[in-house]
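Consider the two complexes below, in which chain A is the common component and chain B and chain C are the respective partners.
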Partner chain A sequence: MIPTEAHGTIALQPSACTSCMICVRECPTWCIELESHTEQVSEPDARRPKTVNILDAFRIDFGLCMYCGICVDLCPFDALAWSPEHDLAATTAGGLVLGIDELSRAWPNRNPTSGS
Partner chain B sequence: MTPPLDLAVEPGDWLRSVVALRDEGCEVFDFLTAVDRGQVIEVVVRVMNPATKAATMVWTTVPADAAELASLSEHYLGATWCERETAEMFGVRFMGLADQRPLLLRATLGRPPMLKESALVARAVREWPGAAQATDDGRQGGNPSRRRQLPPGVPDDFLRPDRSSLDQSAGTT
Partner chain C sequence: MTPLQSSALERRFRVSGHPQLLISVLDVGLACCALEVGAAITAGLLVLEEPEHSAVLEPRMNVLLISGTVTDALAPGIIRAWEALDEPRVAVSFGACANTGGPYWDAPTVTKGIDQLIPMSVYIPGCPPRPEALIAGLARLAGVGDAG
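After this line comes the complex of A and B, so read on.
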């Protein structure tokens, strides 16, 4: 039985990510890559349009990751969390690079203590 | 008598201090390694008394540009391996160490890899992912200039084209 708070893999909640790049810059092994662009968003009662970051790509290379959890600890928006998903294996080194889809699929829904 | 937990000595007193501890009963050699503090390199050895389980860490500092220290290998059998490792990883020369062969690295590798000024090839050949910025979507004038970012824990001149440590890595031993 694997506990729900187990450090099996790192998961991403893309809707919470603001593309602030803190995880990418603090990662000691340089295993996170993030691509984003800015968009102007007009709101009816605002004088000027707001500039927001739109997340285009987010990749973690688990062939480089050492599971230190610094990215999870530092994310100001709780967009990264530990997940008990653990069956990470691949037949090529590139197969260990997971994108937004795979990372968000691992998001620990059953774990009430993370994410929020 | 209980030996101190930590003992800082001058490099000239290194051999005498550690041998004195051995004579007091600290006969087990645990490990010897070094820490790069920039201008100086700290060398530390941990020895233990097997009867009382009391252990002492002996520290000394040697200048980084002339890192020389007396070898403990004649007094502790296990010291040779650690001194060979510290020699090739931190560039500390152990005077009187009979076996000066490189332990793990090729002799032609260049700068000792554990010195902080030695750039990892894996870092130099790849662009830092943290340098990326959000691209603008239909705005005039491009990105506003932001302060230059550096990866955490690297020297200030990291990744500048005139870095000398990379050029030197092909030459000296």
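After this line comes the complex of A and C, so read on.
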């Protein structure tokens, strides 16, 4: 029986990610890749358009990841979290590199009151 | 160099939840990941076959399980262990060090992934991976789908 708070893998909530790059820069094994671009968002009453980051790609190479959780701890927007998902074995080394879709599928389905 | 007698070191296992998967494992436990292999046995996820039974039940697969950090100094030993393994044989990489060098990605003495030495069948990510991740990875060998 695997506890729901188990450190099985790291999951991403793309909508919470601001592409701030803190996880990428602080990762001790440099296993995170992030690509983003900026867009101008106009709001009716604003004097000028706002510039926002749009996340294009987010990849974690779980072949390299040492599961230290520094990215989870440092993310200012809780876009990264531990997930109990553990069945991630691959038949190729490239198969250990997970993108936005796989990382967000692993997002833990926890009771919000139980904390993370 | 004397040939390695790997058969004396191999142990035969049944994999919990996958009755069709009977494997003979040469466990190369080189670092902390090896403890998780031991934990899988203690938890009953890997079930050791008694020698008298395993003579009847021929293992379908010889598995070289590399769990831990492979240094360049040790690399020739890994290659010898692989070459000593009888067919049908597969190699399984368990944990970040064996997969890519992991935390030692910048160390001059650590092999950055044992797939540089021998052909790998399964890579199991983790630092270390859970015992359940080992079972899920071994399940890939039989193509029996996802383990619970």
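One rule holds for everything that comes next: the second predicted complex is superposed on the first by the 111 of 116 C-alpha atoms of A that agree within 3 Å, B and C clash if a C-alpha of one lies under 4 Å from a C-alpha of the other, contacts with A are read in each partner's own complex, and residues count from 1 in each chain.
Keep in mind that, in the parts below, a contact is a pair of C-beta atoms (placed from the backbone, for glycine too) under 8 Å apart; a residue touches a chain by one contact, two chains touch by 3 or more.
In this text the structure is predicted, and so the values were computed from the model without any measurement.
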Most chain A residues touched (candidates chain B, chain C): C
Contacts of A:Arg25 with chain B and chain C, given as first, second, both or neither: first
Which superposed partner A:Glu33 touches (first chain B, second chain C, both, neither): first
Touching partner for A:Glu102 - first (chain B), second (chain C), both, neither: neither
Contacts of A:Ala90 with chain B and chain C, given as first, second, both or neither: second
Touched partner set for A:Cys65, first chain B, second chain C, both or neither: second
Interface residues of chain A shared between complexes with chain B and chain C: 28, 30
Touching residues (chain side chain B, partner chain A) in the complex: 123, 126, 128-130, 132-139, 149, 151-153
In the complex, chain A residues that touch chain C: 2, 6, 8-9, 28-30, 61-68, 86-93, 95-96
Contact set on chain C toward chain A in their complex: 96, 99-103, 105, 113, 115, 120-127, 129-130, 132-133, 136-137, 140, 146-147
Footprint of chain B on chain A - complex, ascending: 19, 21, 24-28, 30, 32-40, 53-54
